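Take a look at the structures listed below.
Across the two complexes that follow, subunit A remains constant while its partner is subunit B and subsequently subunit C.
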Partner chain A sequence: MASLRCHFYLITYMESLDPRVNRLNLSTTELTSKAPLDQLGTYEVFSQLKEDKPYFHVGPVHAPNCEMAFLFAKEQFSRRQTCTGLFVVETRNIKVSVFTEGEDTVYNYISNPGELANGNTESFELFHLKKRGKQHEYIGTIEASSAEVALSMVKSEFINDKPVYNIWIIKTSDIESSQDEDKIIWDTLPDKKFRDAIAYKAADKIKEFKERQ
Partner chain B sequence: MMTNTEALKELIYKMADDQLILGHRNSEWTGFGPLLEEDIAFSSMAQDKVGQSYALYQILNDLGEGDPDTVAFMRNADQFHNSQLVELPNGEYDFSLVRHFLFDTAEAIRFQMLTNCSHEPLAQLANKIKGELRYHTMHADIWIKQLGRATEESVSKLQDSLDRLIPYAIGVFEPSPMEDQIIEDKIFEGEGKLRQQWEEAILVVISKTSLNLPDLSLVKPVYGGRVGQHTEHLQPLLDEMSEVFKIDPTADW
Partner chain C sequence: MYGGGNTFEHIKSNGLENEDPEKLAQFEARIERGEKIEPNDWMPQLYRKQLIRMIEQHAHSEIIGALPEGTWITRAPGFKRKLALMAKVQDEVGHAQLLYSAAETLGKSREQMIDDLINGKSKYSNIFNYPAFTWADSCFISWLVDAGAIVNQLANARGSYGPYCRALDRICAEESFHLKYGHHCVIHMATGTEKQREMMQAAINRWWPPMMHFFGPSDKISVHSEILMRWKVKMGSNDDMRNQFLDMYVPKIWELGFTIPDENLRKNEVTGRWEYTEPDWEEFKRVINGDGPCNKERLAVRRTAEERGRWVREALLAPKTEYVAPLA
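Entry: the complex of A and B
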């Protein structure tokens, strides 16, 4: 069963899932859909550590729908750190750019817009990967007629000298977010030190135990 | 205001014992949950429950009762005041989920009422853990809505568990002999009022599913837990839970 799934996985998603593969082929399309990771469907989770800090990507959860994804994400990603807000979005609804590295910013590969925003615009959330191996972080919100147009507009609005290695764009309406009236669910997190190994001062006891051996 | 300490203690004992026993039961799912994410969520909530029981035993300790560990680990089944609902073995996941839904809905309303309790430490605790309880009921409601309208199999399994558990769930509201005193002293609005609000709350969720709530006025409640009458399932749970403490009461992490 596992090997069968693996096989399916490789054929379908290899091109877009593996960054090493992406790097070999930089000039295909500018945006692809981020591939789901498993058969139940995955949702990407974004967390905010403090009220005034930007949301950043913390990882995926498996779930049958958005509501349950939020439910799982809450315990998964606020168990060992503080949190003041959380949202989830279905993995396939994240538009992913190509990857770059070194001094090469991904915006070198974004072309100018063919068409600018016409009548019907929607809001899109933009995330940057500023260091390889780190998480994508929220940069800003853009009104545009599509993710592609949003991407081309970003270039003029949010770029500074530092290279950006990858971009995620998410339609705001695809996001399931914590509600203001539910903010109290984060209240007692700082009291749960017992969930951290560091709260257990065991070193002395282990030393004493070893000496007795 | 002068509060009736005996009535207050009785109320806190039954709440603390409910939380401790259900916390332990739910923790038995750790490592066996239906998917990893749910395993972690359910285990975290079990941990919350044990933490809440500790806080309640601490309030009892301040009212002159024994220290929390001794009270939790050194009593026998007939000295526990938990409802029989919380001591029943886990069964399959549908059973544990329905119990979680029925119990946590009642618990959240009870603590909401207690935010106005005349005994200040209990009111403070009720305010402090509001957020934990909000997540617990959110979790229960979403699962019941999901499985309660998913497939024929999931609906029939939940329905069977619901039918089996309802008499035990109503047992949670077993009136205290000091009920009038508790209400008069503004400790708590009483089991009758709690039950009424609970019935409305569970109906809101059940009516969004394909499940049928039995006619609650015809259900014969399973009472006895509050006065120390328990099923044969409680004592083995207590023996397991207190095993380490009984070997070495000073054992610490």
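Entry: the complex of A and C
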């Protein structure tokens, strides 16, 4: 049986249809590597979809510093949906607990505090993974002398609750977060209707076309 | 937007004999229960390797796929179409970012993936090695190539690897606008002047064979592909995906009064499957191996972007931060 022959059959190279590309006068012959390595740092991004909703982990970005990580995160994760808050933190600054499953909660593996009375405290942000396959959710902020002490302080609160499969704990000072006055960066989101499927209705045109046939 | 028909690596041995049988059993039981696999979970080497390959190809396809349409932004007819096409192309590049991140959690660095794209080692969807001659070609891509991609992506979103599924959920939500926008463009061409209808029909004639290639050759049932299906890396055969696409979109093309350049194309009402002339797989192989009309241009554009951006990356290099694999 004859096969479906492609219109472009045996065209193995053609001049670009994009005049900008032809002006670049690209070398199309050699395939080279881009070394040396220049990979930027990794940051995790958390966002809040509505004022009264918790922050959730949404994914990573790569950037040379916190400020640029925030800008990339804004484009990558809040370009297409409503957003009321966003923050980034360097991935290596997130303390990750053990993982558990089934009915086993991570708090079974948190030891009780040795000493709570310690003069110097700082604040920590706490995140729970409540369901496998989902992302970490913001639970609260705790003042403590260390991340370990912070976890032991909240242990009693969550030990009889639904199981928590993993905890992330982050020093508040490691976070780059949007402030109230930054919220205007999301003000124009609802105006961009051209990014919504609903802006492209054409059923009437099809109907009219069929009637003409 | 993404071309399916992944070229999975065919290896003689599955390497499973070197895996811990107890851990392997737990891993398979987890997938069987419908749970996701997460980056910190134990997984067989074969699973990791094939997922990296698949997600990486997907990411490259988003980057390269933005090129044929991106070319049309400056010439899109009217302000509204320019605005929409710009937003769509921006989305596609954003999808690549999400996908590279998902692949990174499996242990391959973003740098290495981009390097493998520009040195020709990694593949991307073959359909983007063809040229978009007219605005109608751009309309075909926006509607039907995206439609094909969505068929694949919705299937893969039910797969077993957590970070990939989460990236796909986000991507599919964004793609719904692409599909509607593309259909809108084609409807306007179809209901426009005689010249516009001719342009659209010519684009359909040009793009139909690559569109049939898009889902990949029939996959032979092998032990290898059986394992990938069991592990929910591969969610359906290439023929199933192609059939689903034909089922959903051929009637919509016909509805607009266009023809499809394959006289054997029809739905067999007994089997419920579409019958068609077998696509030219020699052509497919030749193009995927580098000899298509635009392969060289696509990679050259990507490489030039990389070279021209080098001074920016060098200026930004910050020894205070550190590249590590993302957490989830």
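Methods note: the second predicted complex is superposed on the first by the 150 of 213 C-alpha atoms of A that agree within 3 Å, B and C clash if a C-alpha of one lies under 4 Å from a C-alpha of the other, contacts with A are read in each partner's own complex, and residues count from 1 in each chain.
Simple rule for what comes next: a residue touches a chain if its C-beta (ideal position, glycine included) is under 8 Å from a C-beta of that chain, and two chains touch if they have at least 3 such contacts.
All values reported here derive from a predicted model rather than from experimental measurement.
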item	value
Touching partner for A:Lys162 - first (subunit B), second (subunit C), both, neither	neither
Partner chain(s) touched by A:Glu75 [first = subunit B, second = subunit C, both, neither]	both
Which superposed partner A:Ile184 touches (first subunit B, second subunit C, both, neither)	first
Touching partner for A:Glu90 - first (subunit B), second (subunit C), both, neither	second
Which of subunit B and subunit C A:Ala197 touches, first, second, both or neither	second
Touched partner set for A:His62, first subunit B, second subunit C, both or neither	both
First (subunit B), second (subunit C), both or neither touched by A:Gln39	second
Of subunit B and subunit C, the chain that contacts the larger number of subunit A residues	C
Partner chain in contact with A:Lys50 - subunit B first, subunit C second, else both or neither	neither
Subunit A positions touched by subunit B in one structure and by subunit C in the second	40, 61-65, 68, 75-76, 79, 192, 194-195, 200, 202
In the complex with subunit B, residue positions of subunit A that touch it	40, 61-65, 67-68, 71-72, 74-76, 79, 182-188, 192, 194-195, 200, 202
Subunit B residues touching subunit A - in the complex, by the definition given at the top	35-38, 40-41, 44-45, 47, 51, 128-132, 134-135, 138-139, 142-143, 146, 253
Footprint of subunit C on subunit A - complex, ascending	1-9, 11-14, 16-18, 21, 24, 26-29, 31-35, 37-42, 44, 57, 59-65, 68, 75-76, 79-80, 90-92, 94, 96, 99, 132-133, 135-136, 168, 192, 194-202, 205-206, 208-210, 213
Subunit A partner contacts - residues on subunit C that touch it in the complex	35-36, 38, 40-41, 71, 80, 83-84, 87, 90-91, 94, 97-98, 101, 104, 109-111, 114-115, 118-120, 130-133, 162, 165-167, 173-174, 176-177, 179-181, 183-184, 187-188, 190-191, 205-206, 208-210, 212-213, 255-257, 261-262, 276-281, 283, 286, 291-294, 296-297, 299-301, 303-304, 306-307, 310, 313-314, 316-318, 320-328
